[in-house]
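Here is the structure we will look at.
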């Protein structure tokens, strides 16, 4: 198969191998691309992962359900909340309990805020990858507003640890709604600026349009989901396919662009931020009253196997729990979005230039611990 | 016909240039705007603003064993918090003492808190039925010596309010 | 500054002769095409010095030597461009830039 | 003299004892004024290596962002090449596969070089201290660490505080023994041929100091 | 005086760089190591030769540059006297540019201006 | 007013009076060298500082502010740090070339700075081929970059060097051609004469649109020639870590860093001199009063203000735009700038022929 | 497609299938040697079109390793789970499905890395997360090493 | 000893030394750098002869153009640790003999001839007179060569692209 060109010998003298990573600014962490180049053209890429394989799945087998949430937090740390939501939902399904609407609403609000924050960070970093250094600061500036909302309620910024099977760790702070409304108005003003700075820019468009084209079939075959998949026209938003939490109560559009190039993936995320703002607007004023935490004697999934799919900021997260009926799972598997999204890179980036490789890997929005777990 | 096409091509060539330059100028307006406008700087000057810097009430800084003014805490050595902690950051070490009624009682000897492994998951504080724990607002932890991060939370000479039989 | 009054013309002419023959030496002893090209450049430069020097010393009222030097430079540049193109082509075909190897590898 | 940091009183720093020891240790030569100039330069211009492995890296980026602005300390010049960097902020988990890489990066940095271990993972393995088969329990097993910043992840302010601690530490150094200091207490190792056994050794159990009878209780409920 | 000034510039630069490097050599720490002196490649020992075989198409840029460099060199004297000489100079440069424009067009059409 | 010629003459006169010509020459050389060095160092340090502050402000942050008042000593601290940083020798690298590369880039930039007219009479050297001299000297810098990348024996370096080589040589053409436009207008290559020709208006104003186009092209090409963003492909951080100077540490690296900024200054200073009237004050046609007030501002100030403006433009570019890809970069030069430039030049010569400029 | 139809379809293809464990999705336990052909059929059959394999993993149970395939159709949106039980706990092996779904290539590598299950005909079965010289397969229940600290 | 003389001797010495180094160095890129030094020193020489324009052209064309081209081609064809073969002994012998013999012969010949300084007043060698003569369409002018050069350059351009493009491997 042409994907695994590990053993191709360098017959052509003009080819050479360059390592990008583990410590490389473009890989956003400790990914390693073993890149074979011809001139500046990428012949093929072999991604090497495992530089941050922390053995989370094994560790989960030793921890109780509430405890292991602090590990899933750290898997895809940019959608920490959504990861936890997935686990909690899975455990709740297993136990056959249903949380109150209030919890659902708050969870969804958190999830959407997380999504926006994650996309903001991605936007910042993507601009950096392409050499537009100022985007980094604008994205982070606006992200701080969301982090403030998180911190006020949960006490931590990046990794909230706010959710637990059966409900939430605490009720939201009284300022919660006000701050979110402020944020919505604020960010609606700032988003057009993002467009002026980057989206419309001719250099940016030249750098992204037609680069790294991924067809819909390819996306499905490789299991590329999330904004990257939707940029190829793959209808894969779990929030629509299998709505959970408060998503059945809100109206929103699934953003789909059929082109499949880097620019399309970019646009999906930009539009998703608008869409998330809409979702937030629908939810924030209508948070019903209700119990924050169900009274549970013990959190134990009954014997059996359970699977839960949710949509994180990067795509479909699946949580697969095999339980023996004890307080901790017998096997815990995370089907993480980035794991699948990563391996498409050889397919879509070979044939382009090195600079395009950076753009493409940026547009896939990789979070390495999510790949390695 | 060919001439028309050429003209069109040349027109496109210049159109492209115009569009490109216009988009560049739009981008420059954003950055330039921030450069000119006053009061856009959002930087908090951390060490300078220490006096006014206040964390949110919920901020999880460092675990604290609550002591009242009599230097008393309310930990009764039930060890729930240590069991709840996912990464063993808490060790509750007790010693047995002879109570007044002759029965031996467990009292807290050392409440060891490993700040270096704590992941601030917040499971320990609600786990304590005695409400003996809380998070304080401290975040300036950096040290030169790793062993300084293992802390004993009960203050020297402190006693327990409620003594478990 | 006027070199005319400070240094005899002979010095410069001898200097140019030295450079010329050093360039020749380079062409002779090196088998690498690029090195040989560098030798040739040296020789051309030696000639240019003469043009300039004779102009400066003997016919300061005219600019002929100056122009000759100028044109030699232009031609040298064109020659270098073609030569490098040839060398690279040879390199591509034989994966070597040594005359000896190319000689052996004749097609 | 020497270890004052602008807008931050000396007493408000942690771990002043170790600092005092550092000041006393080494050669008996007093910190000369030349040293203080040199240290002033070095401490105010610590350029970090672009190196972030996981979650803590995001907070490091946030510290560089507009709100917290690393740059005020003059350390915003992120260098991607270890040759030009002064400090390696280990922000995130280091696993056994990564440890040789980290070591190599550290070895390739030009002296004087410093290490900040940011976050619980880098300090001790953090949430992955127990039960993980691949996480290195603290980067101090791999490279010599100057400043430890606990937290998971530490706030950007905590990182800034850690940087100030590093600046204080730099200010205690002496030119005279710069060829010994900073090079680290660990000999360089050749990562290409190195045997990985050093990370495979179980770390010293931190529970050693705890009393025996507590152990059984510590298992998960 | 001019040539002395030029000489001064040159010497200043040499003194600046040389002095700084020598100074640095004496005062900076120097702790050599095997790994330290190996080439850097993102923390991974380099695979294969560090020397890169370049795509040979690259040198075309250098060649085209050289040709146009010669051209610009010859335009300078023209530019200075353009004003005085007027029409003749204008036509001469017109011819000159036309011929070279053809060259550029040729290079363009032959796709010599594409960096791969 | 504010003519430096008498001052310099009197200094030379004094020296010649006291010492023998040989010693007088030597002393004036030393003085010139010291002055140049000071200017160079101060400019270099504060350009770096200014860039950090300016970009900080564009990004809603403060920038360095803790070292000295407003962080003014920040770059000095950096300099001290870099001076005291270990110089690493790379295995298998060609040490001779590795060490000589910083010399070449710095020599190129210092020699270029020397001939810039800071004010009337405040010019170390006024060659009759001034513009050509600067171009010739700065074409030397690329050799430094090429051998730096090559001698490092690292893959990133070589790719960076190759890119930067292709980039710099390409854009040199545009720089030259854009300057030629003004040379045609002014009919001279001597800086003093070019400035003198702008007494009645700067070329960018009185040269019609072609002069403006030339200015824009010059700015783009100049930015590219100094390897600055958005054309910083040679050290494209997200691709090649640090590009051609990946393996350089300590003060050697600092010199590449410095040379980049100084080249930027040279580019801006030439733009000022040729397009913006050099040290001439800003005049509005007939407003004698206004013009008179302007005349009171010393020419050095005018020069630096204009240069600062151009430098600010270049920084503005850098901090706003994404980086180009290498093939786009070369296409921009060969397919847009160069043809436009050639046509522009013909247009300008036509304008000159017809005497249609002001 | 409804569960009943699926059941009949799969029974037709693999007569010795057994109903699965989980109740959440329709699930079938199939013998190891049939997995590749069944997968191909499920993907290409116009009524199932299981073109999206969203999860492939393994579980270490008492009766052997279970390899579990979660798949869905991007057209019909029905989900199906296949399960293969490998009783051999020392040298488990199963045919690859990476020629059916590309995504499987890396899932299988991961499973090989962490469980030591061999996937026959896999194009590139190598360690993925762990070093090449790592001993043992960490996600097996009996995995022990000297490094892990148990709590 | 006057200033110009010192400078001349320095320049001459560096020309000779670096040109010898350039042909004897076994590292080819070093050889190119030595060549660069020779060329720069020659530019200095032109400068001292008042041919400022020629000096600048020398720098721009030779140092900035041809040397860059040569470095490019070296980068494309040789490795950093590869050294040039030491010359064959016969070649070396022949080469040194020719060179030394040639130098001696020509020096002797040249020294026998007495160049008489012309004593004619120098015309301006500044760029303007160069330009005037270059644009001059009279018999003494160089307008025709000027145009011919453009054709030459065109030919070189087309030729080199043609050579480089032909049968791409």
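Lettered A, B, C, D, E, F, G and H in written order, each chain numbered from 1.
Convention: a residue touches a chain if its C-beta (ideal position, glycine included) is under 8 Å from a C-beta of that chain, and two chains touch if they have at least 3 such contacts.
Small disclaimer: the values here were computed from a predicted structure and weren't measured.
With centres computed as the average of Cα coordinates, no chain lies farther from chain H than G.
If you average the CA atoms of chain A and of chain B, the two centres end up 23 Å from each other. For the pair chain E and chain F, the distance between mean C-alpha positions equals 15 Å. Distance between chain C and chain H, defined via averaged C-alpha coordinates, is recorded as 5 Å. Chain C and chain E have Cα centroids lying 20 Å from one another. Counting only residues that touch two or more partner chains, chain B has 24, 27, 30-31, 41-43, 45, 84, 86-88, 119-120. Each of the following residues of chain D touches two or more other chains: 6, 50, 65-67, 69, 72, 80-83, 97, 101, 105, 108, 110-112, 127-134, 152, 155, 218-221. Shown for chain G are the residues that touch two or more other chains, namely 129-131, 138, 143, 150-151.
Of all possible chain pairings, those that touch are A-B, A-D, A-E, A-F, A-G, B-D, B-F, C-E, C-H, D-E, D-F, D-G, E-F, E-H, F-H.
Contact residues on chain D toward chain F in their complex (touch as defined above): 6, 37-38, 40-42, 44-46, 50, 65-66, 69, 71-74, 76-77, 79-81, 83-84, 86, 108, 110-112. Chain contact summary for the complex, chain F toward chain B: residues 54, 57-62, 65, 316-317, 319-321, 336. Remark: chain A residues 10, 13-24, 32, 34, 38-41 touch chain E in the complex.
Interface residues of chain A facing chain D in the complex, by the touch rule stated above, are 22-25, 29-30, 50-55, 58-59, 62-64, 67, 70-71, 74, 77-78, 121, 124-125, 136-138, 140-141, 143-144, 147, 157-159, 327-328, 368-369.
The residues of chain E lying in touch with chain H in their complex are 3-4, 6-7, 49-51, 54, 56-60, 62-67, 69-71, 73-74, 76-81, 84-85, 88-89, 92, 95-96, 99-100, 102-103, 106-107, 110, 112.
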